[in-house]
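Take a look at the structures listed below.
The two complexes that follow have chain A in common; it is paired with chain B in the first and with chain C in the second.
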Partner chain A sequence: MRLTQSLLSPVGKMTKLYSNLPESYIKRAMEKGKVGWKTPRAVQYQPKEIKKKHYRFTMNRPWTDEFARQNQVSRKKVYVKPIPKWSYFRGDMVEVLVGKDKGKQGTVSQVIEERNWVVVEGLNAHYRLVGKTAQYPGTMIASEAPLLVDDHVALLDPADNKPCTIEWRYNESGERVRVSTRSGRIIPTPTQAEETYDYKTAATYRESERDTKEDDLTIISFKPQLSTFEMDVAESMGIELGPPPSETHWY
Partner chain B sequence: MSLYSFLSHGLRLASSVQTCLSPNKMVLIKGSLPLKSPSLAILNRLFQTSCSRYGLMEFFDDEKNWGADEVRVGRAWKAEELRLKSNQDLHKLWYVLLKERNMLLTTEHYYEKMEKELFPSPERIDKVEESMKNLEQVVKERNKAYWQLEVSSAEDGCRPVRRERNQFGVMVDRPLTEHVEPETDSNRVRPARPYASPDVANFLKLKHEQEKTERNREARRRHRHVVGLLRRFPDLDLDMLREQYPDVDMDRVRRDKRIRGNHEDRLSI
Partner chain C sequence: MLLPIPTSLVSYAQCRALHTSASLLGKRNFRKFLLGPKAGTLAFKNERAKEVSFRKKFPDIDIPDYGTRPTGAHRLGDSTFITVPEMIPELVVPDLTDFNLKPYVSYRCPEVVQEEFTARDLFNAVYSDKITADFERGALTEGGQPREPSAEESLTAESARQRARGVHTDIWEK
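Let's turn to the complex of A and B:
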């Protein structure tokens, strides 16, 4: 159990899907500001390092430089309420249940799973004065504060557009769907949910110059045969492998 | 959708690679400068098996990416995609990925030395390494299938390892070496009991103590975390907590004084 807990990344699944980055890179980027001391790279030293293990997740995404900078100082531990299954996606219509925008409905624009947060577009916002100088009065910018899922926002029932509680059930084709417990209507997953940092939808992704083209990717060139990888490659390159080697002993 | 096209890169015949090897060596022994020798320049052309030849500049990124904020590329190759490809395709792809990794590491090193700008999109290194890891996994799978069919069900075609104690008395997987003679007491690679000394015994005692302390600390930390959760969210589902923290004793957590209110009688819980 200790092993599995240490292997588990503190970064949420929704965050990883949105970033579209390899897990190793997210880990590397997060640790950038964390290493306090490291042994020099020389033969007389064992590879040891002292680094902070705990992260405070904020509105900054874990792979950004702002996140690393923010995490250089230790802050008080935040206890996040465990949730059995995450049910809020980018593009969902929700109603705000608290604050000055209580009763208003909006779209989820950002999901921060590590803190049980969602950001609702244009709601629960405060204003910031940016760029004020002696000559220029500055610009007011609305910045939305995050809302806690389940307590501060609720998904809308498609039957009457009122907040509801949901349940995960299976539909006829065996997929898990969100169902309103009040009316039994399915709450469809919005197309915006598959948006990542790189593309809006997977179908509209534009391949870059060095990417493998979709047609090349789907070609099946594998043919099962009784040979190892090395034997097959050597044969196709015209390299004679000779008779099988005599028996050896490994110890 | 995926990283780095490889099927369009034609591979020259292997025989040209083989014929190149020996004359190349000869010229170098003679002491002539490799790049000035015209015959060697031709040989170099033959030696390179890919279509694009830019010499040393292949170790650097495209010129249009120099100083860019971001270089957008797709994701890494998945193992299930690589399983569709023939051994020859995988062989070519390995070298395409290797060249790409060399290029990225050189470019990253260059940016670090320059200290003026940041290396754009460093996640490309991780993507290439993930692809290489998946490719190696697929090759090992194929070899394992052959060895299990042809030799025995215990063989996997990889270098064998033996689980034994090293000179510090710690259990490790030692990679074995190949020998013509069978193993006897006289030609054994390591003595049978290298750890039977009082120093090693003392070291092991201290090591086990350190590990046990760390285990206990970790368990206490998790217990304290669950107590903190229940203190802040008293209505939490205990079964869900038991599922998420299987090695935390929930009865002990509920008896903890940090989550018990002052008015509650200790004996009634």
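Let's turn to the complex of A and C:
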């Protein structure tokens, strides 16, 4: 089932969770933007579609225009190691193992599951000047480069704050948790993992006037009655039930 | 038309067919003959302009008819347009006072799970109380039928059907 799921939807689970977008929209947005071509829907045309065989996932999210633009060019396929259980969440403290920031620890700010990438805040970054004019020297901002999960980045053992390998095990309550193989300590899931585009936590979501509230949603006003829909409507409108009409026959 | 060739001079393998008329015979196979927005007579254009596929393809074309419902008609032989009130669509919107369900659901709400309401559930809801009460005080016969049936219990399939068909409209009532 996992194989068919991964074949049917190339977009990762973490991406869908964070975006809060329906799957059908993501699929539609990925297919539009000239990433494929369809024959016009007319009588004289055979319905044919030229689809991309694989997408090249980038730092831009799959439903964006930049992604569509980057995918217009055909590039070599990127081979991504399949990870059965994704173990890196937003807000995790990790240590960088390669590059000029080797040995430094930072927080995961972005997860791109399709390329096995995590972006660590402030680390493994290159700096660029933005808004430079003749008068103004420009603002320097850090743009972090992604790091490969498992190879370039490691989660920290809570016992000694050193990089470790992890395993998913069950705790006493039956929940699956990440456990450091070295010390056996549980690595807690950060609260930032629950964050999505719409809210930081579900409980702190700011409700708008178009949102149905909990009190109104949980009312079940259905009363089972021995009457048809028309009889219910007649009762509510105050129309009295009359004698049945004469029998009709089909010949 | 085949020219007669004497078999004694030429073998059949060397014989070739001759056609004196054009091979298409006047037929034209129009494939991928896409019409533009301004092709055809006015009636054809007006007819075509009403199609959704045409309007999607040419959204900015200036065509007299946009497919809107007329709210009246031109007087015969005249250019004056008379508005007919009955042609103006009347939107019937239910009264939404005290109706608190909104188009979206807040992320704070817990998930409400309601299973399918089957015929068995309806039966249990309507009849189960009376049946258990009757059973406890021994008011059921040996076959399980009630000795004192209620209104619902004394319904037959035919009478229930007649009852359902008894819903009439009150549009014509004064």
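In the analysis below, the second predicted complex is superposed on the first by the 200 of 251 C-alpha atoms of A that agree within 3 Å, B and C clash if a C-alpha of one lies under 4 Å from a C-alpha of the other, contacts with A are read in each partner's own complex, and residues count from 1 in each chain.
Just so it is clear, a contact is a pair of C-beta atoms (placed from the backbone, for glycine too) under 8 Å apart; a residue touches a chain by one contact, two chains touch by 3 or more.
Just so it is clear, the model here is predicted, and its values are computed rather than measured.
**Q** Quick check on the superposed pair: does A:I239 touch chain B, chain C, both, or neither? Answer first, second, both or neither.
**A** After superposition on chain A, A:I239 lies in contact with both partners, chain B and chain C.
**Q** Taking the superposition on A as described, I'd like to know which of chain B and chain C A:W37 touches: first, second, both or neither.
**A** So A:W37 meets neither chain B nor chain C here.
**Q** Between chain B and chain C, whom does A:L226 touch in the aligned arrangement: first, second, both, or neither?
**A** both
**Q** Based on the superposed arrangement, let me know which partner A:P22 touches: chain B (first), chain C (second), both, or neither?
**A** Only chain B; A:P22 stays clear of chain C.
**Q** In the superposed arrangement, does A:K81 touch chain B (first), chain C (second), both or neither?
**A** Once the two structures are laid over each other on A, A:K81 reaches chain B alone.
**Q** Now for A:L217: first (chain B), second (chain C), both, or neither, which partner does it touch?
**A** In the superposition, A:L217 contacts both chain B and chain C.
**Q** Touching A:A203 in the superposition: chain B (first), chain C (second), both, neither?
**A** second
**Q** Using the superposition on chain A described above, determine whether A:Y45 touches chain B (first), chain C (second), both, or neither.
**A** second
**Q** Does the superposition put A:H249 against chain B (first), chain C (second), both, or neither?
**A** A:H249 sits against chain B, while chain C stays out of touch.
**Q** What residues on chain A does chain C touch that chain B touches too?
**A** 198, 202, 205, 207-208, 210-214, 216-218, 220, 222, 226-228, 230, 233, 237, 239
**Q** Considering the complex alone, what residue numbers of chain C touch chain A?
**A** 30-34, 53, 100-110, 112, 114, 117, 121-122, 125-126, 152, 155, 160, 162-170
**Q** Over in the complex, which chain B residues touch chain A? Could you list them?
**A** For chain B paired with chain A, touching residues are 1-8, 13-15, 18, 72-77, 81, 83-91, 122-123, 125-127, 129-130, 139, 142-143, 146-147, 149-150, 157, 160, 162, 176-183, 188-189, 215, 218, 222, 225, 228-229, 232-233, 236-237, 240-241, 244, 246-247.
**Q** Residue numbers of chain A touching chain C in their complex, please.
**A** That would be residues 40-42, 44-45, 198-199, 202-203, 205, 207-214, 216-218, 220, 222, 224-228, 230-231, 233-234, 237, 239, 241-245 of chain A.
**Q** For the complex, give me every residue of chain A touching chain B.
**A** Residue positions touching the partner: 1-2, 5, 20-22, 24-25, 28, 63, 77, 79, 81-82, 84, 198, 202, 205, 207-208, 210-214, 216-223, 226-230, 232-233, 236-239, 248-251.
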